[in-house]
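Note that subunit A is present in both complexes that follow, paired respectively with subunit B and with subunit C.
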Partner chain A sequence: MDVEERLEEIAQKLAKRVDTKSCFQCGSCVSACPVSRITDGELYHPRRIVRATLEGEASKLLEQPSLWLCTSCHACLEHCPQKVPVSELVQDLQNLASELGVTPDDIVSEVENIIATGWALAPSESANKRRVELGLPPIPLEEKGKKDLHTIAKATELLSRLKKIKEHKAALKAADEAIQEGGEA
Partner chain B sequence: MVAAIAKAKKPIEEKPRIGVFVCECGRNIAGVVDCNALAEGAAKLDGVVATKVNKFTCADPGQEEIKRIVKEEKLDRVVVAACTPRMHEPTFRRTTEDAGLNQFFFEMANIRDQGTWCHASDPEGCQVKAADLIASAVAKAHHLEPLEVLKVPVTHTALVIGGGVSGIHAALDIADAGYKVYLVERSPTIGGIMALLDKTFPTLDCSICILGPKMAEAARHPNIELITNAEVTRVEGFVGNFKVQVNQRPRYVDIDKCNSCGDCQTVCPVLVPNNFDANLGWRHAIYIPYPQAVPAAYMIDPDHCLGLSPKECMMCYDACNKAGQEAILPDDTEKIHEFDIGAIIVATGYEPYDPTPITEYGYGVYPNVITAMELERLINAAGPTEGKVIRPSDEAKPHSFAFIQCVGSRDERSNIYCSGFCCMYTIKNALLLHEKYPDAEITIYYMDIRTNFKDYEEFYQRARRAGIRFQQGRPAEITEDPKTHNLWVRAEDMATGKPTKREFEMVILSTAAVPSRGTEDLARVLNVPVGPSGFYMEAHPKLKPVDAATEGVFFCGSAQGPKDIPASVAQGSAAAARALRIITQDEWEIEPIVAVVNPELCRSATGKCGICVSRCAYGAITADPGTAAYVTPAKCHGCGTCVAECPANAITQMHFTDAQIMDQIRALLKDNPEDKIFAMLCNWCSYAGADLAGISRYNYPTNVRGIRVMCSGRMSDQFILEAFRLGAGMVLMSGCRLTETGSDCHYITGNVWAEKRANRMSAYLERIGMDPRRFRLEWVSAAEGDKWATVTTEMAEQLKEMGRDFIVEENERLRPEIEKRITRLTKREKPKPKPKAKAKTKSAKVKA
Partner chain C sequence: MADTPWALYMGCVIPNRLPYMEVAMRETLSYFEISTQDISGFTCCPNPLTLSHIDHEAALAISARNLAIAEEKGLNILTPCNGCFEALKGTAACLQEDAELRAKVNTILSKTGHEYKGTIQVKHFIQFLFEDIGLGTIAESVALPLNDLVVATHIGCHILRPSNLLNVDDAQRPTILHQLVRALGAKTVQYPDEMDCCGYGTRPADKDMALKMTGNKLENMKFAGAEALVVICPACTLQFDLMQRLALRDTEDKTPLPVFYYPELLNLALGISPDKMGFNLHRVKVNPVLNKLLPDLALPTT
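== the complex of A and B ==
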């Protein structure tokens, strides 16, 4: 099955789960969204994400790193007069992106951090050293917790998903290099 | 009248000669099905001697053709396969009569609204369905009987409920025509919401200046009896013959003696917020809502007065007596009026939506967030600030204003409808503010600007040219600067796509229009339906915009849906004209679809029964023990509930007889019954809802076969059992909504009895081992076309799931038991000398 077919299948599944058709583009989500406010609507724009989905152009959004700026605060959903679950749509798009292996590198490493340490941004050794110097207890990295996290990640197929993403990225990179080499040659 | 029915009951001896006229309705029908094939098929049906296809049967040439063919072919029954009988049955009944036949020798097959319009995606299935519907109409035509219309006397008076601008105009038009009008108003003054507004759009003329004279005219018109502070509490009877009870709360002031000098209020020690000033100003316990109130008399608010009973303060009383008026009546009591009324006009209007639940705008929390109605009172020279617009937080003059549109409208969380006039009133208010404070910065936040009537777009243009800022984008929230009480409005600017945050000194919420408090209660009193938005529902959205489904009741103004002033006035006059059609007559014709008792079969004749009496919501039946039950035709509304409930099958409903309906069922289920869903629909809600599905072009499966009866109360057990005996895949009973909050039944309680019967039927079918999915009861209102499509689609899917073989097998297995049951039910037709004993054995049997 090629990517386009897969996209179509996933888009249909998504349309069944999230009803965006009643969106009348009023912009409540944009003015409610903390990320839109901070980025002045430049980087992350929920109304345009819904619009693109309605226009059947969701695939164009998938490789954009801005898709991952959503904080999942659900303010868009709460403020929507048509009850369009914008944040759920974004989550679905994120899932779709990861399924296709186009998750940005920083998100991948963040997920790996969580599985390995329980922290999205794991405290470094130097940070813990500084804490001790300042009279604060070091942040523990429990062995048992780490083991549990690994079990969960495995059971939820997060590990295999990560593996696929990495493979996909590696393949892309190899292809890029091949093209470049070909170009040079 | 009874003689007319008795005469009508005489059976026709010879075999009927039926003509079937298939309408193409332009491409509406012919675009989906082959009308010639339908006519050819109809020609093969028993009794059909002529068929004809017309482009438009309802047009003059089509009607002339019916008349010609009736004469040429000596037809005595006319069947038209076209649109819904709710649309053109009256037209074709007239044609039938013009052709020299009794008008009830006409039957209609609805192959458009419940055919081609909802099955465009399945033309073959639709063709089969249309043929079945025609066969069903022909089957009924065989049993049609000539009937005489009933004539009832008419009381030459009208009742108008609600004294806003629409009700006032309705009352004045009827009164000017020379007929008596009772104008009942809940509040102490007529005038409604228009009397509270400052200026009107798009002309900016003063609201009370144009309404005031009309209010005064209504009060002094010799044909209008004005009853304020009063509510309609009971309505009985029918078109031309309503009996209405009005409860009038005590005013404690004699309106004839009060000269509104105001001496009373100057001495009154009580001050409470004035609800006529949107609670922004104060009034005393004795007060007049506003200076131009009609009647121009004070009243005492008993909830706040210090001492009416026992008499305590009495300062107003003394002041009034001192002035020599003696107008105050401390012992005033509630008055109950009863009127005989020919026609009723409901003009109960709307009220502004309370935006408190929309918490993101902070109404009720931030003092400088106000509603448009509050602005109307602030900007009004007769208002609490004498026209000065000031901030509630500090009474300072604001320099910047924001208007937010669609507050409580177009919102799934409150009301999904558009209130229609808010765009215009906001533009008006913005222009008024601009006129008052030319330097003020004014922004209107909107999603869409809707200015769709004469001179409205020009008004919008005028506002833009005046420098009012329009920003497209619905604000997500308002926050307040706690020190200055200024407000921050956050909204996307759709033009640039950027989220914006602007500071304003005052924010005005353009709130939705919602049905007046008490709309549902009055709907119940009048036995008329409200639509999904809570406003009264008209009989037809296009062609009967001011008629209620109940004959003799009309709607006008915002009671029927949010409306601006010109539209409300136009509807007031329209409703008056519709009401005058009735009350100017001495007699009014009503459908003779009444119930008639066969005294030979009636159990009451030989003993005691009275079941029909208890089922009739109109008190139309009497059945003293030892005498056969009798239905008073003028009181009978023709629901047929008694017919279905009679244990002796002694009652017949004219034009909806068992014989007619049974043969309709047989015709519909002649071929492939296992694949079909047999549906019974009540005329007022479900049939209209199914029509609406067609009008809205909702597609649903073609295997639904419906028959129309007047009320779900008429849907007899025999019909259901006969359908299953014939092998129907599924049976659906559908009527007006019945919920915990009440019944929408047009015959008050017909659906209550239908539900009881359906529950018994479900239990029985389950007991004999039928899959419970095969019998279903659903409430579908006239506004729920989508629900009709959903329900039938769901049922068709279930039917597919169960599979043909399963249905056929189950039918084979259950047929003997169902046949036994049918025999038992029909056996009751014979008179029982000892009904009591029979009843006992029956119940014993059930127990065993």
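== the complex of A and C ==
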């Protein structure tokens, strides 16, 4: 996969839905964004993400941890006077970052759990015990559902992205160890 | 309401970690004699804060599978969770307006033996209370008016936005939760940044920032005079109730703010005994509010 090609696809997808020149960088998305406000726009800045995408410079965003600070509250999208789907663009960029293998650990472990058990939070014995005490029915085990999720993950890019993320993490660790050893030598 | 078109989709956070929310929801359904069905076959919605960030297409297919499971049984979906609602309703709306995308998703789904035809409705439980039960019926059913109670509301993001897909209430100035609380006799306050996220969404990337967002909101609510908070979402409940002590660590005012799931407050107003609900499972003790509403209880507050 060519990253530049995929970024171009994302920019074109955005251009199909909105006039690419329609973002006049007013910053409504930034003032609507709870993460931008709490960090004074220093860590996460949706206006700059839109600009970088439209100017073909989004590749520099893909390895930045800040790309994942988006809460997905979609306030930016609702406040945009030009109807630029900002939060959806951020999700497209996160998908692409995952294709490169860059995704926060907590997100990866939850998604692995979803595929392995069918749920973000797998039904536990202790939860079911408490449910019975409260007069609630036990949580059903969904073997067919688990199998289906695995089938879907295989039929889409989900499984290959999870594999790529694992490889990327292993490569980073190996590089880190090489530096450590180099330092000791 | 004999022949019911509703399947309950409970998700995973409520059944596992916050079962008292489910208890309250089922009490409300039973009070208004709404029959619903617990069906098997569902999986994760999937969480719109994690799986769709890695692969949006896979997320659509997993949601569409859940929609198909209900559709095959001729049922609509009723869910008490904002995240599940956004995933399921958002997918239903996306696939409704984009036939090409629906065909693509169905090609993936065919490998599981399912097909989503696009015929079902998805409603959030709070939307159902507002639209199908109605403020009038709720107000008429109140046996214990909550007249002296002042609450802040936090409706949460994922029942509202993206509004073109979810279409429940005004995305920036929603009123349904205020109206539902006021129908019980309680007063609602407005506070700065009321529409901001609870913080939960940024937890996987930065837990401290998530807590700071939660703490700021709690401070604003208390400053506006709220003596309780009303929420309608398990993720917001985790942030505001379970994480409250940590969230208040760096704020000036450390007074605890009891958090209620709307149906809990509704049930109290309907005259349902607090014993029938799991108030002891709240992390922030709700006894000060229960004592105010039902002085005879004289519950301990320390």
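One rule holds in what follows: the second predicted complex is superposed on the first by the 115 of 185 C-alpha atoms of A that agree within 3 Å, B and C clash if a C-alpha of one lies under 4 Å from a C-alpha of the other, contacts with A are read in each partner's own complex, and residues count from 1 in each chain.
The working rule: a residue touches a chain if its C-beta (ideal position, glycine included) is under 8 Å from a C-beta of that chain, and two chains touch if they have at least 3 such contacts.
No experiment lies behind these values; they were computed from the predicted model shown.
More residues of subunit A are touched by C (comparison of subunit B with subunit C).
When the two structures are aligned on the shared chain, A:L89 is found in touch with neither subunit B nor subunit C.
When the shared chain is aligned, subunit C comes close enough to touch A:V111, but subunit B does not.
By the document's definition of touching, of the two partners only subunit C reaches A:T103; subunit B does not.
Once chain A of one complex is fitted onto chain A of the other, the partner contacts of A:R161 are limited to subunit C, with no touch recorded for subunit B. In the superposition on chain A, no contact is made by A:A58 with either subunit B or subunit C. By the touch criterion defined above, A:P137 lies against subunit C but remains apart from subunit B after alignment on the C-alpha atoms of chain A.
After overlaying the two complexes on the shared chain, residue contacts for A:V50 are found with neither subunit B nor subunit C.
In the superposition on chain A, A:C29 makes contact with subunit B only, not with subunit C.
Within the superposed three-chain model, A:W119 lies in touch with subunit C and out of touch with subunit B [touch as defined at top]. When the two complexes are laid over each other on chain A, subunit A has residues 75, 79 in contact with both subunit B and subunit C.
Only residues 360, 406, 410-413, 447, 472-477, 490-494, 496-501 of subunit B touch subunit A when the two sit together in their complex. Here subunit A touches subunit C in the complex through residues 34-35, 38-39, 65, 68-75, 77-79, 85, 87-88, 91-92, 94-95, 98, 103-104, 106-108, 110-111, 114, 118-124, 127, 130-131, 134-137, 139-140, 142, 144-146, 148-149, 151-153, 155-158, 161-162, 165, going by the rule given at the top.
Note for the complex: subunit A touches subunit B at residues 22, 24-33, 36-37, 40-41, 45, 47-48, 75, 79, 81-83.
Contacts from subunit C toward subunit A in the complex involve residues 12-13, 15-17, 19-20, 22-23, 26, 38, 40-44, 46-58, 61-62, 65, 108-109, 111-112, 114, 157-158, 161-163, 171-172, 193, 195-197, 199-206, 209, 212-213, 216, 278.
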